[in-house]
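One chain, subunit A, appears in both complexes that follow, with subunit B as partner in the first and subunit C in the second.
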Partner chain A sequence: MGTDKKSEPINRVDGRAKVTGKAKYFAEFEVPGVTFCVMVTSPITRGTITTINTKTAERAPGVLAVFTHLNMPAILGWAEQGNNSKLPSGGERYRMLGSNKILFNGQPIALVIADTLERAQHAASLVTATYNKAEHHTDLLKNKEKAAMPPRMGDYTRGTDANAHNTAPVVLKADYTVPIEVHNPMELAGILAFWEGDDKLTVYAKTQGVKSTQRTLAGAFKLDEKNVQVYSEFVGGGFGMGLRTWPQEVTVAAAARALKKPVKLVLTRDQMFTLVGHRPYTIQHISMGATRDGQLMGIYHEATGETASYDDFTEGTVGMTRFMYACPNVTTKYRIVPLDRGVPIWMRGPGEATGAFALESAIDEMAYKVNMDPLQFRLKNFAETDPEKNKPFSSNNLKEAYQLGSKKIGWAKRNPVPASMKEGDWLVGYGMSTGVFGAHRGESTCRAQLNADGTLLLQSATSDIGPGTSTAMVQIAHEVTGLPIEKIHFELGSTAFPPSGSQGGSSTVSSVGSAVFDVCTALKGMLTEAGLTFDNGTVKPAAGKSDSLQEVLSKQNKTFFEITKSSKGGAEQEKYSLYSFSIHFAEVRVHPATGVVRVKRVVTVADSGRIVSPKTAASQMIGGVTGGIGMALTEEGIIDHRFGRFVNNNLADYHVPVSADVPHIETIFIDKPDPVTNPMGSKGMGEIALIGFSAAVANAVYHATGKRIRELPITPDKILSA
Partner chain B sequence: MNQFSYVRVTSKESAISAMAKDKTAMFLAGGTNLVDLMKSGVTSPERLVDINNVPLATIEETKTGLRIGALAKNTAVAENALVIKHFPLLSQALKAGASPQLRNMATVGGNMMQRTRCHYFYDNALPCNKRNPGSGCGAIGGFTRMHAIFGASDKCIAVHPSDMCVALTALDAVITVAGPKGERKIPFGDFHRLPGDTPEQDNNLQRGELIIAVDIPFNQLSAHTHYLKVRDRASYAFALVSVGAAMQIKGGNIADVRLAMGGVAHKPWRLKEAEAWLKGKSATEENFRKAASMAMTNAKSQGGNAFKLTLAPNTIVEALKTAAAQA
Partner chain C sequence: MDDQLKNEEHTGTSRRSFLKKSSLITALAFTPDTVIKAAEKGLDEQIASAIETMPLNVTINGVKQSVRIEPRVTLLDLLRERLHLTGTKKGCDHGQCGACTVHVDGQRVNSCLTLALTTEGRNVTTIEGLADGDNLHPMQKAFLEHDGFQCGYCTPGQIMSAVCCIREGHANTPDEVREYMSGNICRCGAYSNIVDAIMDVKQGGKKV
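After this line comes the complex of A and B, so read on.
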């Protein structure tokens, strides 16, 4: 590994379990005596509950308990954590069922627990409440004056001429809007919790990090972490919504303790819109100056995103602008506006995808302004080293990626003049964009167990929300040990295993993969000491030795060899700027009369180091682009601000792309090892698959029609009214 | 969901008498709309009369046209050879609706009776005159992107969401219904209502009446038909605007034509004036455009749906162009 040697494309090691239903998701675990929880939610957006009547619900058949703010058992950790005066809103945190205050529409006001789901649902419909309504604010556009600098992200400036973006010979000023988007994984969120006594909690959860869920629950209930077991082996999509352990998951665990019964909560689809985060509505202003021959002179990028009144959600929306192009003067600002809404959470590609839509659209606009091919314009302003950190990139193969991608899509063959290409009645357009995301690596631990039969078991408390983590890990172990794929088994999704980080920020292969690499390497050393060696797919006596693996083990009175290794990036990494890059080319058709946009062809090139598992990596890119098509063309959570309520909170009206929206997606990997990131030479790729993609589509729409759409999603009405 | 009782009937007569016995009873066909409405608490029948075993699913040729049973599944109608031969527009419209899974369950009668998809109607926390007469129309002044540009009232601006019904309106279908007092026929165009002051009433079916069949008279329009549905994603989305167009063209002239729109009104919207004007004219884009602007005479935007004032005529022209171009 860490070499130019290519990995084999292998099938998902858990593919069969998934398609045959053997793979179990949290809600499918059967625990004897399980009870069912349904949440009653607030129809108002801000105010207080004046009365709440649970009598009828309590008397309904099968009902075991109804919890409201009046009788909810105290959650000690919450009470102690108190408030946070750093919050833009002044500090009061949201504590579900902690008081009669309503902070957002859809906030749970009662938990109804019954012996069957249907009975809980029915009883939940019998809970009534009266409210004292207060004025609410859910519209970012009408509350811009509340924009505040988030506690954790300052402004950035470089260069000697902060005004260059205004005074350069060619100036572009444009505003871009990214709407609320909702993760909407197929699997609904929730938790199944049960206790042994008062101090041992076990949960099956939908989470992207069993360890972080364990920490949150242990903190809330003031337990030793080892007394909280979290299982989450299979997750039916997360896209970021599982990076938090949500308040309702904590309250359900509290209810289970009070009732002394296992309690299961599965959110409804409409609750997925309000209770597990969303991509924040974000407006962005970009002002950009360049010389007439296309040299960038200044960029000003300001992003304003929503947060909740009770939390300061912050993301890296303007980060890319700071270093992506060799521009001498750059200023970025990021502001948040507290609204009476549930708190946002990172959604795939997170803020970087939001920011890249603005930056990569603006770059395209500027390229047209200075009469340059958008690809040439990017090359002309290419940053050879990171101008923000003033460090070399550990690896940056973007130039090769530009070349490979443009060749594949036929970039040079297009007529660059907007609205010049046609196929029948349809306008044809080509667009491109760049994506970038930090090549993160966290600390991770893995246990290896080599059994007497020569099979290898690996365990780590990481998660797999779908990308095929186990497959990649098995492949890494296979390449280190030479053992065949079928002899290696990787287990994850349990806090019983050695600790690892959450699956997020495109860091799993780099972090956990390194631990797998290190533990397998250590295992090799262990075998050498024992007079054994991996040889051609099996464990054999080392040269000059005669005892087999079984004989060595039995002489040592063991049934297996075992070793655990922790791994993290070294100081070497400080010297470099570590990023993964992608480049997207999209070919679209736009119908001028109906405004319909179809993505016809996509070529996406990833510079994400050495590709550890080519097949699942390609799937990952395809999935990311599909999400990108949604971001570009179809996805938008719509709120009627008069009520503060969503008006499309279901999968019929919130449009995720269907198969017919997704064309053939060509994925190309540079597949060159990064010398710094980790022993495999890999860099992350979950986010770069999506980051920038929406701009490629918007740019292609411009090329097709001459219409610049700066507000996502690009639906037919926007084309017609542009 | 409230408790309800459930009976399965096997004949028209038992279906009608089961309904007569209970004021809150409702027929259950494919259940793809009714069950959702029950789950969200919008509709709470105390008794469901399951009509799926009533023998009303046949599609047969009569002397004057095709007769399609009310319980024929949407898929069965869309894939039926007689339908494809005589009324390709109906097949195209059905296939443009919902998803294969839904079409496999959905019936012709249920499709006609499906309720609006106006979000306010489905959300009990929001006002809606259709769900709760007198509570106000939540949509007016709010999210109106999907709403009507024709025939709306100040009580309701919802649209009828069906694709199938657009084709059936265009094709001059006639509905047969049966009730305690016997059978009666309703021309398709008279079945659905405009909201007026009583948006709670979607159509003119009387309580307790069972839809039995739809008759479509033969016509000469099968050579040039097109159902064009403009929507927010390529499949599985309700129409922003849809147009069903069918023409008979002789020597470049329009001998006969049918035009109807979906996604624009509380009922499938037949464009009779435009049809009359087109008859006898040559099948040119210019004429299509004139007819389209004629069709828009009384259109009115609600704000969020202003784009439909452009999209609707454009879609009419595109549908006619595509239909005319067919060999």
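After this line comes the complex of A and C, so read on.
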């Protein structure tokens, strides 16, 4: 650990459960007497409900209850939290079924609960309502005057010449647009909730953090946390949408308490577009100045993203611009515009992916303006230390990554002149970009239990939305103890285990992995005291001792050894700037007659410290690139602003990449331990896999065609009309 | 699960007492006495049950199932909610994602677009029926080896679809696999590994 020793690629420890259908996701637990909840949603975007008729629905066969704002049981925590935080928009907090107010299209106005799913669906269709419509505002472009600086995201500026981006010898000014994107994990969101009495709640949830869901529910129902149990062992993807416990999950739990029955809610796919967040529509302006020989002099980067009228969502859209390049003068601004829409939530690579599209496109544009190879331009402006924090990077192997990636894709062999390469009818282009994300580490706790048969059980209340947390944890424990993989079992996804943070911000291996590392190290110490030692994959008597593990346990009247350890980063980390980096190279084909873009080849290089689990890490990278292909070429949530409503809220019209869109993806890992981040020397990977990739495609499209597309996704119409 | 819940009936008294209570407490809407009375006697459920359910005999993973279901129940919801064969996944309920792919008489179908009653007398195979006991099907093994998934939610549908992709003769090249597997969405983005897994099985030449 923390050495140059490479980890072995192993199959996922929970893979067998996934390929046999035995892995159980939240909606699949058999709870006797379970009832089914279907939501009725608002077709208007802003206004009030004047009448709501639930009589017919209540009489329909199998219906147990219909809840609306008229009869929804009070949620005490919500009532108390009413006005305790001010919104920049001046708006009011959204409390589902808390009043007759409609704040966004698709807002639930009724919960219909019946004994079967079909009966609940039918009864939901019988609920009718009338509304008093108010004027709504869903178009960011038409509401820019409402843009406000969020209190926790102030403007940033460095340097002595704030105007350098305007006055430098070579100046670039460009605007970039990233549309609404929707996480759309394959598993539909929802919750399964039941109570024992009025004060003990159990839920099966789709969440990226069982502890955070527990806290939210305990807060809403004014319960001790220990009275709320949350289970979420398998999660069918999240990409950020599971970082919040959504209002409908709380109201379903409240309905289950009122009914004294287990209630299950599974959202429909169209509800996944409105009720569990999305990547916010964001417009960006970059103004960049450089010397004629390609030295950056100044960058101005302003981003304006959407939030809901009832919330103040923010993300780190302009962060990368502050430190990525050695530029003496940098100013960044970030604004949010409240709209009458469901609130956004961080989506993979969150704001950084949005910002990187703009910055890495602009860097490419400037490279062409000063007549330099985009790779050489990046190297010329390489930041050896973090110019924002004025600290050294804990590790930064970008130069090696540039070299490895460019060699693999054949960067030097391309003709750098735009629109100069062809293959048959198709134009050929190469593009590159850089991605970066903070190498975060949070506090985490892990329990270890060494059983008499020599198997090791590890438990932590973390989550796994797919990256392979258990596999990585088992590999860390294997490397510390030497026990074989098959003798180590890692359990997660339950609040019954010691606390850990949510799975988000690429921090799980660093955080939970450190706790696993520390608890296994402590276990070794415990064994030494007991006259035992890990030796060649088993537990043996230490030198000069003769009692076996079983004998020692038996003499101590125990059936297992157990120890729990908490772990977090030390003060040492304050001295450094901690980031994970990626480089993406894309080769595209563009058809000049149809405007179709195909990604033909991808090489992606991760500088994310030591790789703990090479096989699952490679899957993380190809998954991020696949998401990046969607961001670059196909994904766009479209609102008809006349109605404030999505027109493509399904998987046929909202185009996530399918197999035919994705070529073979080559991944390269620098695989060198970071000396500071954590005992394994690892850095995060989930975000950098996607951050920047869309710019690599846009840059490749420019190289292929000479056309610069600054508005995602790069659809054929934009190529043809450019 | 607590005993109290286990002992409660699936439908019945609680529903009726709740409706009665809620209509009194909330003054939600005026519910006529006759309806309340009918509800108290359970007449609505009895009538609805008699009219609305039909018998279905279908073989699922080699086991004959005889159930009574409403005609509107999809094969997907029958599998997941009634038979607790939850390996088959619901991703969109509109035939747009492929997560619910199963075999009906050896053909791959979207079980969300298949009314359960249309499988009368037919053979359905789900992911739970693919392995031979503890011996994984070659496609399951290949997905494991090639890490053809992350979260695992689309995986049963991918595997069921992949088996038919080879059976249909549509796995001759990686590009052909990409085309014929494009009805199965993987949001985690494991396509690159999924194509490798399928080509591996195809080239291994084992009967699928």
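Methods note: the second predicted complex is superposed on the first by the 719 of 722 C-alpha atoms of A that agree within 3 Å, B and C clash if a C-alpha of one lies under 4 Å from a C-alpha of the other, contacts with A are read in each partner's own complex, and residues count from 1 in each chain.
Assume a contact is a pair of C-beta atoms (placed from the backbone, for glycine too) under 8 Å apart; a residue touches a chain by one contact, two chains touch by 3 or more.
All of these numbers come straight from a predicted model, not from anything done at the bench.
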Overlay on subunit A: subunit C relative to subunit B, clash or fit: fit
Partner chain(s) touched by A:A660 [first = subunit B, second = subunit C, both, neither]: both
Partner chain in contact with A:G159 - subunit B first, subunit C second, else both or neither: neither
Touched partner set for A:G454, first subunit B, second subunit C, both or neither: neither
A:A652 touches, of subunit B and subunit C: first, second, both or neither? both
Subunit B versus subunit C as contact partner of A:E118, first or second or both or neither: both
Included angle at subunit A between vectors to subunit C and subunit B, based on C-alpha centres and rounded to the nearest 10 degrees: 50
Touching partner for A:G531 - first (subunit B), second (subunit C), both, neither: neither
Residue contacts with subunit A in the superposition, subunit B compared against subunit C: C
First (subunit B), second (subunit C), both or neither touched by A:G98: neither
Minimum C-alpha separation between subunit B and subunit C after superposing on chain A, in Å: 5
Subunit B and subunit C footprints on subunit A, overlapping residues: 118, 122, 652, 657-660
Subunit A - residues contacting subunit C, complex: 11-12, 14-25, 27-28, 30-33, 53-55, 58-59, 61-65, 68, 70-71, 115-118, 122, 183-188, 194, 196, 234-237, 239, 258-262, 266, 268-269, 465-468, 615-616, 618-620, 622-627, 650-652, 656-660, 662-665
Complex contact set, residues of subunit B against subunit A: 1-3, 41, 117, 119-120, 123, 125-126, 138, 141-143, 145, 228, 230, 232-238, 240, 306-307, 310-311, 314-315, 317-318
Subunit A contact footprint on subunit C (complex, rising order): 1-2, 4-6, 8-11, 14-15, 18-19, 22-23, 25-26, 28-31, 35, 39, 44-45, 47-49, 52, 70, 72-73, 77, 80-81, 84-94, 96-97, 99, 126-128, 130-131, 136, 140, 143-145, 147, 149-156, 159, 174, 177-179, 181-195
In the complex with subunit B, residue positions of subunit A that touch it: 43, 118, 121-122, 125, 425, 591, 593-596, 598, 633-634, 638, 640, 642-643, 645, 647-648, 652-653, 655, 657-661, 715-717, 720-721
